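The structure appears below as structure tokens.
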Amino acid sequence: MRACERKAMTPPVKVAVVGASGYSGEELVRLLLGHPRVELAALTSRQYAGQTLAQVFPKFASHPRSKEVRLSEPNAELLAKAAQIVFLALPHGVAVAFAAPLLDLGCQVIDLSADFRLKSAALYREFYGHDHPAPALLEKSVYGLPELNRLQIKQAALIASPGCYPTSILPPIIPLLKEGLIKSTGIIADSLSGVSGAGRKAEPECLFVECNESVRPYGIPKHRHLSEIEEQLTAVAGAPVIIQFTPHLVPINRGIVSTLYLAPEKHFAGQSEAAALHEQIAACYSGAYGNEPFVRLLPAGALPDTKNVAGTNVIEIAWRLDPRTGRLIVMSALDNLTKGASGQAVQSMNILCDFPETTGLAW
Amino acid sequence: MRACERKAMTPPVKVAVVGASGYSGEELVRLLLGHPRVELAALTSRQYAGQTLAQVFPKFASHPRSKEVRLSEPNAELLAKAAQIVFLALPHGVAVAFAAPLLDLGCQVIDLSADFRLKSAALYREFYGHDHPAPALLEKSVYGLPELNRLQIKQAALIASPGCYPTSILPPIIPLLKEGLIKSTGIIADSLSGVSGAGRKAEPECLFVECNESVRPYGIPKHRHLSEIEEQLTAVAGAPVIIQFTPHLVPINRGIVSTLYLAPEKHFAGQSEAAALHEQIAACYSGAYGNEPFVRLLPAGALPDTKNVAGTNVIEIAWRLDPRTGRLIVMSALDNLTKGASGQAVQSMNILCDFPETTGLAW
Amino acid sequence: MRACERKAMTPPVKVAVVGASGYSGEELVRLLLGHPRVELAALTSRQYAGQTLAQVFPKFASHPRSKEVRLSEPNAELLAKAAQIVFLALPHGVAVAFAAPLLDLGCQVIDLSADFRLKSAALYREFYGHDHPAPALLEKSVYGLPELNRLQIKQAALIASPGCYPTSILPPIIPLLKEGLIKSTGIIADSLSGVSGAGRKAEPECLFVECNESVRPYGIPKHRHLSEIEEQLTAVAGAPVIIQFTPHLVPINRGIVSTLYLAPEKHFAGQSEAAALHEQIAACYSGAYGNEPFVRLLPAGALPDTKNVAGTNVIEIAWRLDPRTGRLIVMSALDNLTKGASGQAVQSMNILCDFPETTGLAW
Amino acid sequence: MRACERKAMTPPVKVAVVGASGYSGEELVRLLLGHPRVELAALTSRQYAGQTLAQVFPKFASHPRSKEVRLSEPNAELLAKAAQIVFLALPHGVAVAFAAPLLDLGCQVIDLSADFRLKSAALYREFYGHDHPAPALLEKSVYGLPELNRLQIKQAALIASPGCYPTSILPPIIPLLKEGLIKSTGIIADSLSGVSGAGRKAEPECLFVECNESVRPYGIPKHRHLSEIEEQLTAVAGAPVIIQFTPHLVPINRGIVSTLYLAPEKHFAGQSEAAALHEQIAACYSGAYGNEPFVRLLPAGALPDTKNVAGTNVIEIAWRLDPRTGRLIVMSALDNLTKGASGQAVQSMNILCDFPETTGLAW
């Protein structure tokens, strides 16, 4: 039986998006409308309940289903009846209220908020300032970084899909840390984010005039996303990892660049040492990501650029050893709404559903 | 036999792109790489000959074929051996030198330049300042606007694919003119174009610093594209049509908005006259485009926006009757590289190959 | 006595800005802080009352007075005690409540809102949907376009400073209309505005992500600013003038381009007729604006560009006769916050105070 | 004698700009045209020789002198006759050919290129790949950072005005280093630059379409500007300083943000240690820059933003101690064409001429 036949015979998986009118909700809708193996069975939005997809998002109005699909008030029971897999594209702190009932009703939940990304309830309290409302779910959830966690994702009922900053930082660091090529101390992540990362919030600092011709750091030195980055690195290193993380806002719609400052375990003063280390790092990345469809290890001479990943689920990675400083500089670029949010969530869904992992995701 | 089976059995059509490194060449590559029914058999670029697709366009480097496809020097005989359909994405005046030999060698040619868009060699001379080098081909070529010319495209050997300005202006006007709802005199097209419309030319006026925070008219009052717009309108009206066309450059990558000032044939001073005319125009557009997959007639209250068509082959159209001035204002938006260039060329190819017209073109 | 001595001896004029935290308020602050003949005696802002200028606007924090000047709650009596001239940079409909008491208290008022720009209370009702709350003031107010109304401004107690669209449209048209060179019928103004024109409103359509890579018409066909444009043109023409006005939003911070479609009174079919008309128009503009410091009549071959007027009080004007269509195309560019709002208001203040008109306004 | 009288009596200093058509040349022209104490006596540009200032820069066409000042071919003898102070706004490697003859002819030279910024000819060779053509001038030149080098600038014949990156990096670091508050090792400077930093070069990577929606690192790890940064820091530290410098390109016209990662000499684990260190750093910056008109030490809670310094000669500085990592993060923002190039050069000129240092430079 040829692939196309099997595909034609399998009924589509029914999926729902809760919080469809934010930027990551909109990106989920875009990807799921174009996904050949799923049916967008329910969309919710408090603000736009009752309107069709075509009315809320004119850009989707040429899709055959845009005039029949209507956004509705979010309701766990109706969602569970309509869909097998539910994506939560809600603000942090709101997702948790939907996840528990949906799980109880038998849905698989892919949450794009930060609500279930931490394992440690204590860490959650430290960074979010209050107790986690459903700590049992923290244990149950799987951190949805497919390149590093594929097997657990396959079995998960609740996937905590990582945010844009962690996705730009963890994949470049983890293989090096795992193989002991870098120290777990002194790590710096300097990140530049496009404005959609702030969500579709009508706040003055997100206005066009305030962002255009503006470049600025923010949230320094203790941004909330630090917690999930450090928890993941700590798990890999087997010892507490504390990093420096400095986000900046740059005037693009989509994209994150992270520049990572790392200390190789070995000194590489001489040329032959440098060459050896170079080979080890290249082998490490190639081993980890050589076959990953969404990790683009850039060739010698190339550096990441957000415009080369916009709208795709790809993360670009490049690196340089600096013999003058003894550091390893790793740079990554991704689209914060795709690989940094909704594309990655769809990638996890593909794993969960046993679809080819690239299904519905542009190269 | 189900569609998917037939598709699996049909060998892909081999296509080539001459001039693959310009912006419309790059957009053709993007669309053709994702097209399920064609094989990108040859790509040419004088500047990048010998390099792989992945090297020239890092953004395509995650496509499975990007490391095997190489750009080559353009050579009509090799192209004709490699491909059945050849897209010419060359500067105006250069395409003509490739079209003739490729046609002689049996290829079907889809030309994205202005070289074959006029029927009249005299008009060509007036607007381009020299005689057309292959006037016989002017007669043979078909103006590749699928919504208006589908049948001729199906039979064509040489398709002159319209440019971005004409595509934003002709489809909104032609149905009204055909049905006699507007006068053929006094038409004004005021257009705003993104910077990619100027091509990938390293000229000072296209530098970031010169375009960012800049809005400016140019090429006024006698832009070259006037000739093809007027020739098409004249053919529809059955009498010479002269229009006013004022292009402006705006700081976006992709997109054109055209605002068209039209004079209804009938006065509509009273409310009932206005209502009647409103109905006629709505019926006219609905009849012309109601079933067109790539024409989006906007609902009441909505207006076109380039961000809603970016990366798609869609043209958005909205219109308003102004009882104060007696005018009909029609507004359109499209992506100058997709519906305004490469997407439209692929749409013509789909017609030529008897593929469903939306194949490989995002909604 | 040399100018510099007189200047040194004259005490500065005390001025106040009501509504200092919006974009035109901020631009007023910028211009008045740098103005050598005035003292910024009071600033009001409900939102930021109690904070210093340096706190509210970090960009002004290096000005010597930024740490001593505090924003306060608006209060007419306190304002009248502090300042001789009061600028109102308030939303439409709010300014009127401050103008009356301030005038009663003996201040001169320069209002940047639309509240006093119309002479006709009936027209106000038609366009704003309710009766004008202080119709007597409509008669008293002077339309503050210095190039056309200098003498009245000099005597005015209440100046209604024109908005950005009218300022981009009226000066290019009025001299031609006055001299009978163009018809008063069929005028079209197609305008492109930067996003600051919408004010510092935290509304979704003004977010960076919604404006960047977006070009779109809006407010078509009956924008409110039509009323003041038409009233002014009607006064000049001596007969009712109705125009077509189509605003568009473009992704720049500052700037407006207006493209005006005008019909010359005389036909100019032949070359000599065209040459004669060309000379008449050139003479008309030169006579009207040849000595105006803030009107830049562009030389042959040049066209307006917002980047050439950003931050200045200059309006650029260029024009083309089109022998093919018989039309005269006039194009203008200005900075919507400077010549289109606050710079123009300062220009009026200079006239009012008998300062050289360019004082404090960059060339 | 009052200031205004003295000013009126002092004849203006005659200045020239060599290379007036690049971005820093244009910014010099803007500043010098508005400077009350100088006369722009000569402007050179190979490309535009013979044209007036108004023709080359329409944006300056409303300045009274723009139609009389003409750009000319560069010629040292004519320049020396026309002007006392000559600004060189030429590409690196070209300035050196003009500096020597101009100095011999008695001019004072302010060079904006990198040609005279290093003291060490060996370092020059390492970073530029060839011997310095006039090593004697390296010794003679003064590094023109007014906040750190005011006295030497006052006496200088040849001022090497620092570039945009060094100006964003050195002033935030040097006072800390001088006072021994930070280690001289392990310094990282992560910088984000607007596109005008690349100059007005018609190269593909500077095109609007290539920069808009693009954020990307470049020149990593050994950018040329490292040499002058390290030489200056080495001089202060009294021991060789090697830093990490990672520039990125961001889509704004003007502006640089640098984020500096520094290691305090003292650990500050406890709260009281942190408070003490905090006070020391605050005192250090306040002592160094509290009275500097162009250094803006941001108040607690504020962070730098390029939009707050655009068009001004101000550098904004903010800093944070991170008790979690033990690091001091210092962030700066400036306009790369003003404080990072031409404004700083004018500031040096003011010192050289004994003008108040802020003359002609907006706050």
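By letter and in written order, the chains are A, B, C and D; residue numbering begins at 1 in each of them.
The definition used in the following text is that contacts are C-beta pairs under 8 Å (C-beta built on N, C-alpha and C of every residue); 3 or more make two chains touch, one makes a residue touch a chain.
All of these numbers come straight from a predicted model, not from anything done at the bench.
The minimum number of touch steps separating subunit B from subunit D is 1.
Using CA-based centroids throughout, the chain positioned farthest away from subunit A is C.
Per-chain CA centroids place subunit B at a distance of 40 Å from subunit C. If each chain is reduced to the centroid of its CA atoms, subunit A and subunit B end up 36 Å from each other.
Inter-chain centre distance (subunit A to subunit C, centres taken as mean C-alpha positions): 47 Å. Each of the following residues of subunit B touches two or more other chains: 210, 212-213, 251-253, 305, 307.
In the complex of the two chains, the subunit D residues touching subunit B come out as 23, 195-196, 200, 202-204, 206-213, 251-253.
Taken in their complex, subunit B has these residues touching subunit C: 188, 190, 192, 194, 210, 212-218, 220-222, 242-244, 246, 248, 250-255, 257, 259, 261, 303-307, 310, 320-322, 324-325, 327, 329, 331, 333.
Within the complex formed with subunit A, the subunit B residues making contact are 2, 4-5, 7-8, 33-34, 55, 58-64, 213, 293-294, 296, 298-299, 302, 305, 307-309, 311-312, 314, 316, 362-363.
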